[in-house]
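Paired with chain B in one complex and with chain C in the other, chain A is shared by the two complexes that follow.
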Partner chain A sequence: MSNEKQSSLRKIMAIRGMGAAITAFIGLIVIYVAFGLINPAVFSGQNIMNLLRSMSKYLLIGIAQSYILITGNIDLSIGSMVGMSAMVAATLMSRGVNPVIAIVVALACCLVCGVVNGFLVGKFKLPPFIATLGTMFITRGVAYMVNSNRNTDAIATGIGKEAGDSFQNIFYYGTTFGVYNTFWIALIFFIIFFFLLSKTRTGRHIYAIGSNIDAAKLSGVNVVATTTKAYLVSAVCSCVVGLILCAQAGMGNMEAGNMYEMYGVAAGVIGGVSPLGGTGLLLGTFAGAAVWQTLENGLNMIGAQVGIQRVVIGVIVVAAVLLDVVVRGGQFKKKKGN
Partner chain B sequence: MERVTYSERGVKKLEHFNMQIYAGEVMGLIPVNAHGKQAILKLLQNNLPLYDGYIYYGGELVNSWRESSRKSNRVSVIQAQNRLVNGMTVADNIFVLRQGFRQYVLQMSVLKKQLLPFMQDIGMDISAETRVENLSSFERVVVELLKAVVMGYRLIVLDEISIFVSGKEMQKLFGIMRHYTDQGFSFLYISSHFEEILPLCDRTGFLCNGRLQKVVQKADMNRKYLQECLQGYDRNVWGYPENGHRRPAGRKIFLEAALSDGKKLWKYSFYVREGECLTIQAQDDQILKSCVQFLTGEESRIVMDGRRRKISADKEIAVVSQQPTLTMIFPDMSYMDNLCMGLARRMPDVFSGRKIRASIRREYIPILGEEVFEGSVEGLSERQKYQLVYTRIILQKPRVAFLIQPFMGADMPHRRFIWEMLEGLLDKGIALILLSVNPLDTWLVAERTLLLDYGGILEERRELEEHKNSYQFMRGN
Partner chain C sequence: MGEIIVSMKNICKSFPGVKALDGVDFELRSGEVLALLGENGAGKSTLMKVLSGVYTRDEGSLEIFGKEYGDLTPKQAQEAGVAIIHQELNMCKHLTVTENMFLGREKRGKVALDNSSMEKEAKEILDDLKIDISPNQIVGELPVSKQQMVEIAKALSIHAKILIMDEPTSSLTAREIEDLFRIIRKLKSEGKGIVYISHRLEELQHIVDRVTIMRDGQYITTMNFKDTTMDQIIAHMVGREIKEKFPRVECEKGKKIFEVRNLNAGRMVRDINFSAYEGEIVGFAGLMGAGRTETTRAIFGVDPKESGEIYVDGREVKITCPMDAIKSGVVLAPEDRKKDGLCTKLSIRHNLALPNLDIVCNKLGVVSSKTEEKLCEKAVEDLKIKTPNVEIDSGNLSGGNQQKVVVGKWLARDSRVVIFDEPTRGIDVGAKVEIYHLMNDLKKQGIAVVFVSSEMPEVMGIADRIIVMCDGRITGEVMARETTQNEILTLATTFEDKKIGKSEGGNEEHE
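For the complex of A and B:
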């Protein structure tokens, strides 16, 4: 029995990226406890609730960017898609359109952007940095244009206070079983996309493209379709984050989601998703998003300046990437040595 | 190289290794196994720390166990990997990109004039202004060779070049090499085919387990001697036609494909039988490249039994690229996931189905061993990686498998192992189509060979008859 347990433990640890994910979780606990010892309010129930809610945005963005990073690409348009989703949904709702229709339209806009990204990168072989830089500007432009270059009015002015409150409660302020809905939404998407990545053929194809794209092609992997699927996941997550931001503010802000694509990279990389592609677990992204938010929250609570917060987070991201490069470099040398 | 012992990460790559290459000679090297070959190439080029021994270049001691400068020697190595800078011209690569080039303002007319006598000497006509990516593989080898000559490198190593240079071009290259040996240049010619080495090399060494087992003079390289010193090789390779069994002919599969030479589309029709091994021998490297592009292209389509199919997506077609242990492995995925990549075309839920995976594991543990399923794919031996790639094809069960230069980069034991794996695929009734430029690589396993050029299939050969004759010649019958 003990041998069986050891064997399953070995199997779990043998999963690529599991080590990094566990390291990120250990780091999370250390950071959380350290901040808690400095300021015990960090341990309070309300703070934990707030922490989970704030973390949810980063988790969704992290999932979005992790999918893309695992394919060996990057998506710079995530933040702009968040802004577009928030603005499209808020503009429609502030003009009296049913929230469900507004959500569907916002989702459709993001999916179009995801398909365009997927085709530019997968089909037309544009460098992902350039392709998504282009769509980043386009989608941000759409976010500006959709309400004639100004933020929207409160959504309640269009759909009424009751519907507006419901929308805000579902996505941000409401709770279920004592935990904010935002977290439950993020958790549901996490479970769905975790399953997709780790248990389905599409998931394996995503890893295969990032690991060895030529071998993937020869093994019958449809690179265009798989790349597009990854960008679609990114689009869906971005849309949901846009809706969360819209619900949080009760209106649409043209600058919503600014820099979120980089937060996504940070969450993924801290959690062990390799920016070189092929490796990473969404479990790690979960830990990465939590580390990111705990740092922000903890530094805030101990009264650190915003500048210091950015510096600390930046150093951690660089350290995580450096670790990945060193580990991969070691493996590469070992392979060459053989 | 005198009594050289060299280790990497605690593994002895060379042990008491002795080799002399004289000025103006072509030394042949047959790697009976690959152990130590890379180390020789490294030590010839760079003076790395030695555990024991001495290395001399041009009569001077350049490296010893006492002191290693880590500096480079004036030795050029020409391999399948391109060492020229793409995007730049032949003249730039030969003259400008070298130490000691002092001209600040570049004049193409001057460079052209400088290159002309070199080209005339060897009877080649490669324009100085040609960009190197537009050269054929043979021309690329010649340009690398000229670069070495211009740089004054007295020793030039040619490593397994017959895998990408056709037989006709090899004859021309041998002539060029002889031209330079007359001028005092020396060559180390590494090849697994002694049929190639026999007519070319003045002396030949047999590398085995990091040691030079035997060095034979050209005059001694007669049939009788080869029979004696290559008994193992003889038994395994030349004995193959006797040992290898032939299967009853299966159903014919008709194929139609179209290749582009950049200007025109050429159509080809041929057939292969189920369980038959067919070699498609490209006349030159350009047509081989076209074939590779066709087979690996995402949108390429082939007509099989009258139905147009997308090669990359069709479950009845498999493609194994060259050097599959490097190109067909997913280093970040588990062994089981690697194994199931082909099967996923037939069973989309193989990655989530625990029962299927457990059953595959049970079925293949006796063949592949249990340990391969545990560790990382990168940690597998070369043999295990070959086994992984070919077992993946067996699991996919295609009707036709295209294998692009399956023996490229493999040493003797691995060649034999690849033959066994190919036999395994044939036993399953899979039709194999091997793509190659060198007939020596594939003639022992293939039953027919189609000679391919732009414009059409030039000739069909029945290999069994041919290598039976060669076999009888080597055996002295």
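For the complex of A and C:
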């Protein structure tokens, strides 16, 4: 019996990227406890609730960027898509459009951006850094333009206080089973995309093109479709984060989601997703997002200044990768040759 | 001999500026191994890419199993049973064996992927081929030879009946080649047709039934292997008689130039002692994974040494990084040209100048194009590098010419010791002879040449003295003219007592 247990444990540990993911979880616990010892309020129920809610955004962004990183690409347009989603949804609602329709329109805008990204990178073989740099500017521009270069009015002025409140509650302020809805939303997407990546053909192909795109192509993998699917996942996640930010503020902010694409890279990389493609688990991304948020939250709680926070986070990102390269001789090392 | 399963007639294919195939005929029968031979650039790979649908032909007809195909797509070719095993392995290194075998045609259960049934099928195929690999292994962790077996297994899993193998043995050890041949014979006995492309002509006798020879994009001839001789084959390939396959020059053995004492660096380099003299070529023989490459890397300062002294012209030199080695006159032409020898995306000029920037730059560190020009001209001339000009990307050159550029990098300096690590791998007969001449020239100039090679005939033909390694140690030293292949092979397989806590797997380590 114990033998069987051992072998199944070994099987789990043999999954590529599992080591890095577990390291990130251990790091998470260490950081959390360390902050808690300095300021016991970190352990309070309310703080845990806040923590889960604020990590949700990073989790979604992390999923978005991890999908892209695993294909060996990058998506710089994530933050702009967040902003576009928030602005489109808020503009429509502040003018009295039904929230459901507003959400659908915002989602459609993001999906268009995802398809464009996928085609530029997958079909026209543009370097992803350049392609998504372009769409980053374009989508941010759209975010500015939808409400004529101004932040929107409160959404309640358009759809009324009742509908406005319920929109805000669903995406941000309300709770279910004692936990903020934001976290449940993120968790549902996490489970869906976790399944997609680890258990389906599409997921397998995403790893394959990140590992060796030529081999994948010669095996009959549709590289354009797979790349596009990955960028669509990124677009969906970004859209949801945009809606969350819109609900949080009760209005649309043109600068919403600024720099989020880089937070996504950080969450993924801390969790062991290789920016060179081919490896990484969303479980790691989960831990990475949590580490990120715990740091931000903990540093706040012990009264550290914003500048210090940024420095610490930067150090953690580099240290996570350095640890992998030095200790495990790891996956982040640049591919030799070719 | 079986019926004809592939028939290609009058195949033409042009690329901008080049006629790669010019009216080539090709036939393959079931249950045979056909060697497709020719120098690099003869059009073998292009022809096979036409057969596997990667390229579409400009002219000519193509039949597979009697069915005529117009524009063949890779997918159609695959469905017709054509599988190609590429020289540079095409595997997703992060994925497992099963995942690679089923890539692009994964089996689905009701909701998720049906991993267990794919694993089971993979295991059946591997077992059937008697390949000892777990289907759950991550491919990147397997030695190259095993990865190749996985490619073959993958081809069989899609029911391939026509297998094209492009240089399958170029990175295998003798034992692994034997394994591969066993599998090839098995496939042949099952009636599959196998196209075998190789530059290692010696190994053809073990498996090949017929040979088809191409030259400069044209079909030359097809012969039964039994009715021909190696010399005939080579004459057809190069279009001229090569008088000496292994040209040897006799030189007076002079004073000791180079000595390595008690070199240790990790498990694959243990207690290495040897010296090289003026006017001789020292060969390093051994099986793949014997530690020869590791030894050259340790000497050159790429990998750290644990201990050991190196003497050049009687003076001890400290080498901790490649720059130290270069400055003391020890240079290395590494094993993998494309990976370690050249910056393939840079021009020939930039490659040649790279290790000589101290010579071609003035005091301020500005490159003098005049000096650089001179250096390049000299290298191109001395080495007969075939290229229209030196601005061409070195990656676009043929294997033989690339090797010349690698060597050319070092000729501008007064090097005392030149180490060649597998300089002839993957290049054709004609170019090989040129490399041999090059080594002989160095030898005549009084430079110590160290020549690492896994191909026994060339070590015996070119080197004067042969040092044999096995498992990280030197197991013997013989004079080339007084030894036999058997003697070398015996030395190359003299493993230490295995009981000293070493696993079987350790011996198969890949380089």
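The rule we apply is simple: the second predicted complex is superposed on the first by the 322 of 338 C-alpha atoms of A that agree within 3 Å, B and C clash if a C-alpha of one lies under 4 Å from a C-alpha of the other, contacts with A are read in each partner's own complex, and residues count from 1 in each chain.
Keep this in mind: a residue touches a chain if its C-beta (ideal position, glycine included) is under 8 Å from a C-beta of that chain, and two chains touch if they have at least 3 such contacts.
Predicted, not measured: the structure shown is a model, and the values here were computed from it.
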Legend entry - Fit-or-clash call for chain B and chain C when the two complexes are aligned on chain A: clash
Inset, instruction - Check whether A:R16 is in contact with chain B, with chain C, with both or with neither, and answer first, second, both or neither. - result: both
Inset, instruction - Check whether A:K125 is in contact with chain B, with chain C, with both or with neither, and answer first, second, both or neither. - result: neither
Inset, instruction - Using the touch definition from the top, say if A:R204 reaches chain B (first), chain C (second), both or neither. - result: both
Inset, instruction - Using the superposition on chain A described above, determine whether A:G278 touches chain B (first), chain C (second), both, or neither. - result: both
Inset, instruction - Using the touch definition from the top, say if A:K161 reaches chain B (first), chain C (second), both or neither. - result: neither
Inset, instruction - Please work out whether A:V224 is in contact with chain B alone, chain C alone, both, or neither, and reply first, second, both or neither. - result: first
Inset, instruction - Considering only the touch criterion stated at the top, classify A:D214 as touching first (chain B), second (chain C), both, or neither. - result: both
Inset, instruction - For chain A, give the residues common to its interface with chain B and its interface with chain C. - result: 14, 16, 199-201, 204, 207-208, 210-212, 214-216, 218-221, 278-279, 331, 337
Legend entry - Sites on chain C touched by chain A in the complex: 74-75, 78, 86, 90-95, 99-100, 103-106, 108, 111-113, 136, 138, 336, 338-339
Legend entry - Interface residues, chain A side, partner chain B - complex: 10, 14-16, 199-201, 203-204, 207-208, 210-212, 214-224, 274, 278-279, 331, 334-335, 337
Inset, instruction - Give every residue of chain A touching chain C within the complex, in rising order. - result: 11, 14, 16, 195, 199-201, 204-205, 207-208, 210-212, 214-216, 218-221, 278-279, 331, 336-338
Legend entry - Of chain B, residues touching chain A in the complex: 8-9, 296, 298, 312-315, 319-321, 327-334, 337, 340-342, 344-345, 348-352, 374-376, 378, 392
